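In the part that follows, the structures are each spelled out as structure tokens.
What follows is a pair of complexes built around chain A, which joins chain B in one and chain C in the other.
Right, the complex of A and B next:
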């Protein structure tokens, strides 16, 4: 999913007596950046909705504490090239005590595919037979390749072989919805605490819009011994980093992120600082439309050779956990046996002012220009993007004499301009939707709607086609290696960095899980260790 | 008592004699008198001096301090005034290949050792690797035994070396290595090493920054001084003094030209309305009321669009136009009121009865009596225009990066107010001084130009 540095602000609090950790009540308080727009899993798109849903709902499988896939509602499963079969456990129940059945999954997925639902993540379901045709309205939803031989067995016919199909099921779009409850909510499903039926470890008991939320333990959840907390309070909803830090200092919330400016203070206070690589890659994207100077390969290579991403990360951004970008594929992705990046190390382009100039001169000849064309750099309106875009501006001015105009826009407007092609370069970011290199690998396919620069290369399309349809892991990973090489050689994008998150947690809280795929942060298995302080 | 005796001679007219009227003092014109009274006002004179200084600062300053305000000195990001600038010349940064380089490990718990002298280029650490184990490396600015925490986690590793290049400064860093157990939890096997980091620069970098004449002069270990930034640098290592000078050009340009222009417009409009009076006056003033009701910000955005000013381009001209077009009604009303009042004065009627033409009446009697009000309005509008520019740049409607303006600099500085206060203090101070100076001058001018106080001591 597209990601951004958060900047919007809303600051409220209705809880009168808030404390980060309430040992007697066996509850904790946390802060969320923004309010979920709604909690209908078939329509959820943003990370905060995903985090909340991950605490109150459960899909067929989930990411375990060890980062491996484990059974959730499904006890066992089997994926073959043509179909996937899931056997549901008997004791999985909804928050009203009735069992979770295969029909609930079928209903939910059909709902997500209905054209009138308008789910942005319906494409994740396209691996299921006929799903794409149903989503575009050419087939009725009864044609979907799902069946339930009995209430505890779900059989999925696959459109094409998808080796990582089970891993995709972690995503909220695959969570179950019960048909009778959905119908009874009369179109308000997921809009309020009482307009949702829960099957996860917690349920939402209070949701004051724009202000606060309360999650209480779900007594009908099947895996009670894994759950320790009785309640999770969300007394504040704000994306203001300073407010978050102050709430943490006042022991109002149990976790806060840290900015580069706060690190010295955090060290002085002796806080237990932690770090998490959130899996997101940030990069400079080019516009490949006709008539754009950035369509010229040598101009892109000149920019590639002019920008020193190590300088950006180590001297300008200055946050720990940020890793200078080498490739579109982040370092944590698994290849065949080892990490993908160890199996296929990306070529490192060292910044070199001399070769940058040489590429620029070639580019100017090809473009028939006397001097470097001015370029528009589209960027976010938050502090981090501002600093980075000013650094890019000055670096290109100094090394290549290119004058860059910075176009700061809010996220929605930036997205609209990217879609319209109203830019030369853009600071973009991409976070993974499922745990397979393909979530990054197909980004520059000519058919991908997120390929907003409209890069179109038959060679790359062929490689992506191999990565999508090849079943043999070694051949797939080789395709990803080739995609990576293609992207670097043609300077299709300039990876800037992989983002890290630096944060502090109340030391009494144990088993807080930060993850790349699935709800992050995951408090569902956390417990309070009152002995340590 | 006897009555005085009068003779007929006493009733003859006196011999006419011409004796020149003797003026005891030199003639004092309106301007000379105003200037005299202004000079006697120390606050006004001090503020006049300040304004002269500020104008010189932004106009002559850049010639004296020839530093590019958008050049980024990434070696000295966010330094305050008077920071240490010493640096040692060292070999250029080379990628590290720890596998090929043997280091004698220290005899401590994990064999945690600094592989080579720590510099701002990199801190290279090695340790003994137990097969299959993982390590977490921390960095701290404070001694962990004092604060009770290891500090900043840098990395989690399954190898026996690490190179730290993140934002290194000269000083002491405490690196702690912690061995992790199979579940990723920290074990008691930890070791902390205090590392002294020295600031270095390579010969090529020194040459690029103009610290040495040629690479031939360079000798490793040579002590050099980095570029001097008298007022420190901002969050991208840009020289604060140069940015203040160039930023002031924008702020003072808007601050002086906009009020001059819209007050002039207002004076013409208001005096015409006031002088003509009647239905014309009514119509003109209702139009002025209409303009007052127009929202400034909206028009500012509209003008930006009309001017075809794309993203990333300076919005200074639309700002100027928006101010001129929308802010003239206030001075216009003021002048109209004055003119209406003066029109009815006896001396105006007298002047007209004696045959004074309209031009003479306006030029000799009306304008001098409104000048006080006009000049005072201008000086009071200057600070408000500077504030408007600061505010618009603050919300991103003004100058485009990297062009500085005092308001935009405040906007950037406020983000790091607690850690690097100088980035906010200097531009804020200059805005405050300018506004104060113009306000005091306006105050003094009002006293000096008031015709009714003329000649008063």
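Right, the complex of A and C next:
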């Protein structure tokens, strides 16, 4: 019965209502690659949810079109080593017209910290006084270092000095949630379009799970003059890259990613191809556990000197927009005044078969081995990882005579093996959580759980400690420069590349913003220029 | 008859219990951690999550709790879509897969019987050769290739026509369903054609057909009353599992045509080790398959009086 009912309902619809750009309706259509898994901002962790939330919610601050931090719900703010104060604007409103107050932020952050919420990103809040103790259940949530002297002022006591605290606030975990609405949703907060209260430029007016969504302009949003579109439609949800390209060709969606094999066609169609580096760095990680050959510095240096990442990027994977890796710190990170990459250029290790073999001989002597030990390379199961791991396998065989066994695993199993230390080398990657070099800089700290190879160096720990606690910007950035140098000299990891995306956009759409931090792509400020067909 | 089906249903329940238990222990035996994500968690955050999902309890008691929940028809909350109950996921997305699947089966069944009968009638002549060549293609070309090619052709057709002849994806109207349903049903149609052909040829050489011819019955009557009806039995036998297979196996078609069916959730849950969705969809599909097999036995009796179960 259910089936028949559904079918008959479907017959009455129409299929001509989808178009990439609807000038009359002042709206656009886009595709998202998966159903947003979590629109409860206190628990969201993934990019798709972050993108959707970035259009319908707003935190205290946001990343502006120029990539700089700007006020959002907060009009002004001040961060000192012991506390941060935010002054909220009077005209920031929820989608039901009631004002956004400091209490909404306090409620949201307390919710994220409650142990029973099970928020994975609760750690982002640990800079706030007593947050970690509350998350572990040893202190009640009333002990959290937050207060609101009046409804438009939020005072945050800090557990320790965090020079980049305001930059962290663009993350969805810091978005506001209103207590009465949350309680009324009875555990289904964020599950449906009507189970969310919005304070961003748009609100979700329709959400058919796995199928489609509609964002309409939120009339209560304070910054109306910045918002131009009346609606954003999401008629399709699919992860298939070819389908996405077909929808674009059929003028159903206004942006699509391009694969290497589509570039010729895209050029033939006369599309304006754009590139964006998404901020993620990919690298080879080593296992430093006792008894692993990769714990030997000279063996790692041999591998470092044997692998030519330019060959990998330009001749093997040939993916458009990718850049050979030079450092764990990607090129877009800001240093004190300029890019960190310019203030502290990483030492470039040129591939050299001769020195690679010399390092290998030393390593074999130190390890007491007659011939190179076989190594296990843990890898993902997608086509790109396969090509890369085979390239590593061939390069090491050719230059060093090392036999590499490729251990291909699906995502969750690769993670489980990484955590258990069941590998010699692994293809890994890291994307930033906030706009500060520390989001990469503390990865190899002995206390960091993401340091799955268990690298342990008191010297590096000391440098990371400086980078975390030093308040003077120049000294902090020097610490990051030193961390970078340490990682390269000790071949702690081998950066392979910085990932890029290649895409095309309907030429009538202006002010689409691609970002490394914050919602990406960001359509919230986009407008239609119907004059440019 | 009634006691027979009561027995069948009881056996079916045992089968479902077995499926549920095997899936439960198999899933927990697979290496990998359902809670793991890109970023490592602190021990505390992990403990909070484990408590939330009941993973902190010993496996035995997790199993009992889970069996109890299934008995009450509650599959729990998804690990990856943390706000959605697995029951809601099945309720919202299965009808879509089923609609598409039924349409695909109609295509496959009609096409299979028609082409199969034709090839048998024109055995070793050109219609037989052409259709059998297409059948081999239909069986051997994987559905993701067929899906991609048909979508690509549709884009070309729409561009050439300057308007939307048929939508190239999405969901909403019967027009959205036609091409995906054809693609989805294609390999089953090919398989059924082959089955129907060999079954028809077998029937042609039986004594009762010879008798019918000897009696002087018209050829059309022999074909429809004797040949077709007898030859269709094996097709009905495989149709039941095929319905279950098609309504559950639409993963590729659903991804390519951006259709919000259950097949996607079924496959992605396994990749993401989403325990509750794996359990929910597997048990649901298992029960569905068991039901279809029982149903086919019923239909079988209606078509062939010899296998009719004693009343």
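Everything that follows uses one rule, which is that the second predicted complex is superposed on the first by the 516 of 533 C-alpha atoms of A that agree within 3 Å, B and C clash if a C-alpha of one lies under 4 Å from a C-alpha of the other, contacts with A are read in each partner's own complex, and residues count from 1 in each chain.
FYI, contacts are C-beta pairs under 8 Å (C-beta built on N, C-alpha and C of every residue); 3 or more make two chains touch, one makes a residue touch a chain.
Quick caveat, the model's predicted, so the values are computed rather than measured.
Participant: Could you tell me if A:310 is touching chain B, chain C, both of them or neither one (first, second, both, neither)?
Facilitator: first
Participant: In the overlaid three-chain picture, which partner chain does A:415 touch, first (chain B) or second (chain C), both, or neither?
Facilitator: Only chain C; A:415 stays clear of chain B.
Participant: Tell me which touches more residues of chain A here: chain C or chain B.
Facilitator: Of chain B and chain C, C contacts more residues of chain A.
Participant: Answer with first, second, both or neither: which of chain B and chain C does A:508 touch in the superposed model?
Facilitator: A:508 sits against neither chain B nor chain C.
Participant: Taking the superposition as given, does A:261 touch the first partner, chain B, the second, chain C, both, or neither?
Facilitator: After superposing on A, A:261 lies in contact with chain B but is clear of chain C.
Participant: Identify the partner contact of A:376: answer first if only chain B is touched, second if only chain C is, both if each is, neither if none is.
Facilitator: First partner only.
Participant: Can you list the residues of chain A that touch chain B in one structure and chain C in the other?
Facilitator: Dual-contact residues (chain A): none.
Participant: If you look only at chain B, which of its residues touch chain A in the complex?
Facilitator: The contact residues of chain B facing chain A are 70-72, 74, 77, 139-142, 147-149, 151-154, 165-167, 235-236, 310-313, 396, 400-402, 415-416, 418-419.
Participant: Can you list the residues on chain A that touch chain C in the complex?
Facilitator: It is residues 2-3, 6-7, 10-16, 18, 31, 35, 37-40, 43, 45, 115-120, 122-123, 132, 135-136, 188-191, 195, 208-212, 235-240, 242-243, 246-247, 249-250, 252, 410-413, 415-417, 419, 431, 433, 448-450, 452 of chain A that touch chain C.
Participant: In the complex of these two chains, what residues of chain C are touching chain A?
Facilitator: 30-34, 36-42, 44-45, 47-49, 51-52, 80-84, 89, 92-93, 95-96, 98-99, 102, 148, 151-152, 154-155, 158-159, 164, 167-177, 255-261, 264-265, 271-273
Participant: For chain A, which residues count as touching chain B in their complex?
Facilitator: Interface residues on chain A, with respect to chain B: 260-261, 263-264, 266-275, 310-311, 313-316, 318, 320-321, 376-378, 381, 383, 386-387, 389-391, 393-394, 397-398, 404-409, 502.
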